[in-house]
Amino acid sequence: MELKNKKWSLDEFNAIRAEVLKTWPTGEGVNFEEGVKYQETIPAKRHFAKLLVKAKKNGETLTQPRAGVALIDEHINLLNFLRTEGEADLLPSTIDSYTRQNQYKEAQNGIEESLKAGRSLLNGFPAVNHGVEGVRRVVESVDGALQVRHGTPDARLLAEITMAAGYTSYEGGGISYNIPYAKSVSLEKTIFDWQYCDRLTGLYAEHGIEINREPFGPLTGTLVPPSISHAVAVIEGILAAEQGVKNITLGYGQCGNLVQDIAAIRALEELGEEYMAKHGYQDMVLTTVFHQWMGGFPQDEAKAFSVISWGAAAAAFSKATKVIVKTPHEALGIPTKEANAMGLRTTKQMINMLKDQVFPQTKELELEINMIKAEARCILDKVFELGNGDYAVGTVRAFEAGVLDVPFAPSKFSLNKILPARDNYGAVRLFDVGNLPFTPDIVAFHQDKIAERAKAEGRAASFQMVIDDIYAISKGRLVGRP
Amino acid sequence: MELKNKKWSLDEFNAIRAEVLKTWPTGEGVNFEEGVKYQETIPAKRHFAKLLVKAKKNGETLTQPRAGVALIDEHINLLNFLRTEGEADLLPSTIDSYTRQNQYKEAQNGIEESLKAGRSLLNGFPAVNHGVEGVRRVVESVDGALQVRHGTPDARLLAEITMAAGYTSYEGGGISYNIPYAKSVSLEKTIFDWQYCDRLTGLYAEHGIEINREPFGPLTGTLVPPSISHAVAVIEGILAAEQGVKNITLGYGQCGNLVQDIAAIRALEELGEEYMAKHGYQDMVLTTVFHQWMGGFPQDEAKAFSVISWGAAAAAFSKATKVIVKTPHEALGIPTKEANAMGLRTTKQMINMLKDQVFPQTKELELEINMIKAEARCILDKVFELGNGDYAVGTVRAFEAGVLDVPFAPSKFSLNKILPARDNYGAVRLFDVGNLPFTPDIVAFHQDKIAERAKAEGRAASFQMVIDDIYAISKGRLVGRP
Amino acid sequence: MTNKEKVILGVIGADCHAVGNKILNHALTAAGYEVINLGVLVPQEEFVNAAIETDAKAILVASLYGHGEIDCRGLRDRCREAGIEDILLYVGGNLVVGKSDFTEVEKKFLAMGYDKVYAPGTLPEQVLADLKEDLK
Amino acid sequence: MTNKEKVILGVIGADCHAVGNKILNHALTAAGYEVINLGVLVPQEEFVNAAIETDAKAILVASLYGHGEIDCRGLRDRCREAGIEDILLYVGGNLVVGKSDFTEVEKKFLAMGYDKVYAPGTLPEQVLADLKEDLK
C-alpha cells in the first residue's frame, strides 16, 4: 500500500474488502448489490443526505442529538423518543467505544451484560455485532433519517454493515477519527482506511445512492482554533471527494465567542467551496454542522440549559445546516433520553425564535472570517506543498512537522506544540503557534490578542491560563480569569 | 388638587400624608424620622440604589427575580433561597394583587387563609398588612438588597410602610402602574398619587437617604414598540426627578429581535440622559433594567429555558444595569422557588459567558437606535406641547388624544387605536400608528416594514397577524407566520 | 337588534391581565356571538348582573394571577340566587398559585359549579368549540 | 535520578478522553510528583506493569466514557496477584452510563477495591490534597 490522494481502482478496493468482511462474522452478511437495492427504498423523508440538501436550500438549521444504547429494541425506542419528544430533525446512532476500537468481542460481552443487567452497559450502539439484519431493524423501526456517529479509527466493517443496512450518513475521517480518538495508530493507516470508507460511499454514489459523509469537526473539542479544525475538515473533504463522495458536511465545534463562531461557519463553507473548486471537485453538495459546546459543562442543569441555548443561538445565527445538540446532563455522564429530548427542544425553540433574524454583517465579523480563511490557507497550502501536490501524503508530513497540530490530542502523532487560550473577548487564539506555517502578521495578530488579555488580567500567558479557560464554562464563565 | 409637574411643598405633602396613613391601621406605625434613622443603618451590600450605581460603573448586569408570598417567615425563606440557590444579585418583594387594589381587608383574609392552608393563597407579599414592624423582619432577615415590585395605582401607603421599614428601591409610576394595571382610574389621580411616592422618596433623599425608583418599563408586556414604553419611562423619570428623586432606573421589556432589543436599551439610556439634561435635572443617576420576555411562554420547561436564555443574552449584550428574570414555570402560573432559582442561574450563566463579549456597533443597530429615539422624541415633544410645557398635564391630554397609546391596555384611558405587529425579522413595528404623532417618514418606515412581512407571508396585515404574533413564542416561534 | 347569542366575558377579581381577554373578545365576536366584555377587575356581582340584564347564555370567567380559588368560589351560588342557575359557567387561566396538577385544579373548579375548566395556554378555538357544543 | 514519589496516570479501557489527563499530569508534576503518564486507551495490565517497574505509590485511573464499571472491575485483584496489593488506587470520571446517584457509584467502586472515587467535575486540587494525605 502506498498512500496517495487518488481514487482507488475497483480491484484495489475489492481486494481489501474481502479481508475487511472477514474481520467479524457479521461481515459475511454484507451484500453490496442487495445493499444498493435496499438503499433505493429509503424514502426522502428518512434520507439524511436529501434532508441536508433541502435544509441548505431553505436556509434551515436542523437539530440532531447524540444517542446510542447496546440493544436493538432499546435503541429503536430511544431514537423514536428523541424524534417525537425531542422533535429531532435528524437522528444518530452513536457507536459504543469497544466497537470504535474494533473490540467486537468486548462489545459482544457488553451486549450480553446489558441483557442481564436490564440496562445498557455500553455507551453506544454496537452496530457491527448486530450485523446488517439487526441494524436494518433499526432503520425500519425508526421514523427518521439516520447517521452513524462514532470515533472509529478503522471504521471499514462498520461502514460496510451500516450502509448496506440503509444508513444514509456516516461520520468520521482519517484525521478527525485518529488524532482525537487514538493513541498510536499511524495517520498513514487511518487515512488509508478512511479512503476505503469514502470509496465505498463513492461506490454507492456510482450506483445512484447518495450517502452523506461528515468529517468530525470539533477534533478534541477543547480550545481548537477554527483555522486548524477547518484545515482538517477541508482536507478530509478533498480526500472524500477524490474517492467519489458527492454529499459532504463540514463541521466546527463552538468556541463560545459569538462573532468568532458565526465567522467560523461562514469561513468553513467558503473555504470548502474554494478548495473543492480549486482542485476540480464540483458536482457535489457541501453543507455545514455546528457542534454545541464540546468542553466541560456546568453540573447544574439550569446553567447547562444556558450553555445549550447559547450554542443554539450561535448555530442559528451562523446558518449552519445542522446543529449537534448537548443535554442538561452533560457534566454528569451519558444522559437519560428525557434529558436528551430537553436539550433538543431547548435548541429547537432557540432556532425557531432566531430563524427570521439576521446577524449584521459587520467589520468585526468580516475580520474574523478573513483571519480564519487566511490562517487555514497557510496550513492547507503548506500541506499541499509538503505532499508535493498530494493532500494525503502532505497530511502525514504536516503532522510530523507540526504544520498541522491539534491541542490536547491523545495521539502521539500530534506534535502538541501549539497552545491555545482565549483573548480578552473570549475568542480562541494561540499564545504559542508552535510550528504552524502562519505568516508573521498572523502570528503578530495572535500575540497581540493574547497580550491584550494578559495585560487586562495582570499576568503572563501560561499553561495555567489555558487550564483556567478549560474549566471556565463549567464554572460559569467563558474566559478563565484569575 | 391641580395636577402640575411641580415639586410639592412640604405642607401640601404633609396634609395628604395625614390622610394616607389613616387608610389602614398599620399606617399609624409609620414614623418618618425613625424611618430615616433606620435607613441609615442599611449596609451598602444590602442597599439597592448603591448596588445599581456600582454595577453601572463596572458595566455589570445584575439579576433580579420576581417573588412574594403571603406570610413573613415564608417570604424570608423564599428570598434567602433565591439569593443563595438562585445567586440573585438583587431581591424583590412582589406585592399581592389585593394590596395592589388597596383591598387590605381581602389581603388580610388571604393571610389568614394562607395560615390555615399552610401554603400561600396570595400571589405576593401583603406588605401594608404586615406593617413597618413585619416588613422590617424581612429587611433584617434577608441577606440582600430589597425592592418593592407591584402594580399598584395608589401605592402611597405601601411606599410609606416599606420605605420606613428599610426598602431601598420602589417600582412603579403614575402611568406605568395605571394603564396596564387599572380599568377606570383616571391618569390625573394616579399621576398625582405617584407624585406623592416620588415626593416621599425625594424627602428621604433630602435627609441623605438614596432610594431607587423604577418606572415599570414593559407596560402591558405585549408587543409594545420601544418608543412608546420609552416615552412613558422618560416622562415618569422626569416626574420623579421633579419631586426630588435622585436614583432612577428606566425599564424596557424584551421584544425578541436582538438588534432591536440592544438598540432599545441604548436608546433608553440616551433618551433619559437627553431629556433630564434638557429639563435641568442633573444631579442624579440613571440606570436601566431589561425585562426578559413578558409575553406568553411555552409550557414546556426545556423551551422556556430557551426563552429565558435568549432574554439573558439580549440583556447582557445590551449592557442593561439589571435584568428581571423569568422562570421555567412561567406558562403554568406562579413558580416554585426552585424553578425561580433555576431561571436565575440560567440567566447568570449566560450573563457571565457574555460579559467579555461585545456586540458589534453596526449600521443596523445604529438605525434602530435612531428610529427609536426619533419616534420617542415625536411623542415626548408633543406631550410637552399639549401640556403647555408640563409633562403631567400633557400626559393626561396625550392619552386622551391617542398621542400616547399602549396596546392591549386594560385601562379605558388608553385609546387602544394603535396595532403593533412584527416585521419580517421579528422586530416590533406598528401596522396602525393610530394617533401617534409620528412624522410621515417614520410612518412610512413602519408601513414598509409591515408590508415586507405581509408580502412574504402572502396575506394582508390584520388583527389575526397580531394574534399570531402574541401566541408565537409560546408556540415556539418569534414571528407568528400563517 | 341582533339575534346573536350573548356571552359575558371578563377577568375576575383584582386581576388586570387584559391580553387574553381582548383576543377572546375578538375570537368570539368573529365567531358570531354578541360579546358583553366586562374587561378586567370584575367582581362576581357584575358578571351576574350583566348576564341578567342581557339574557346571556354563558359567563366566561378568566383568572390569570393565581387568586382564582378565592375569587371564583361561590359564583354558581350567586347565579342560583339570582335565578339564572342554568347559565353556562366557563373558567380558565392560571387558576391557582403555583404549578399544580391540572386534573386536581379541574376537579376543584368543577366541584365549585363550573361547566368547563381550561388549563393555561388553551387556545380560543377550544373555547369556541365547547361553546358551540354546549349551546346546541 | 530524582527521589520524587511516583504516580501512574492513565485513562482506562477503550476511552480516549485526553484533556483531563493532560491537566492532571500538569498539576501532579507541578505539585512535585514524578508522573508516569500512560495516556489514553490503557488496559489494566499496563497500569500494573508500569506500577511495578517504577515502584509507584499510586495508580490514578480515569474513565470518562461510561464503561468504567466494566473496565475497572478486577484491577485490585490484578494488583494483588502482582504483589502490589497495598498500592493506592484512585478512580474518577463519568464512571457509569447515565446520570446516577454518586453515592451509589462511590459505594460500588469502593467495594471493587478503590481507595478514592471521584465524581465528575472534581478539580485537580482535590486529588492532590487526598494524595498528600494518603501518602503521609
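Each chain gets a letter, A, B, C and D, in the order it is written, and its residues are counted from 1.
Note that in this section a contact is a pair of C-beta atoms (placed from the backbone, for glycine too) under 8 Å apart; a residue touches a chain by one contact, two chains touch by 3 or more.
Here the structure is a predicted model, which is why all the values come from computation and not from measurement.
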* Structure fact -> Expressed in whole Å, how far the mean CA point of chain C lies from that of chain D is 65
* **Mean-CA-position distance for chain D and chain B (Å)** => 55
* **Cα-centroid distance, chain A relative to chain B, in whole angstrom** => 46
* Per-residue overlap in chain C, given as positions that touch at least 2 other chains -> none
* Give me the residues of chain A that touch two or more other chains. => none
* Among line, ring, star, complete and other, which best matches the way these chains touch? -> line
* Each pair of chains that touches, named by its two labels -> A-B, A-D, B-C
* **Residues of chain D touching chain A in the complex** => 11, 13-19, 21-23, 26, 39-41, 65-67, 69-70, 94-100, 120-121, 123
* Note which residues of chain A are touching chain B in the complex, please. => 256-259, 298, 300-303, 305-310, 312-313, 341-350, 352-365, 424-426, 473, 476-479
* **Residues of chain B that touch chain C when the two form their complex** => 96-98, 100-101, 103, 106, 109-110, 113, 119-123, 151, 180-183, 220-222, 295-296, 299, 329, 331-336, 339, 408-410, 412, 463, 467, 470-471, 474
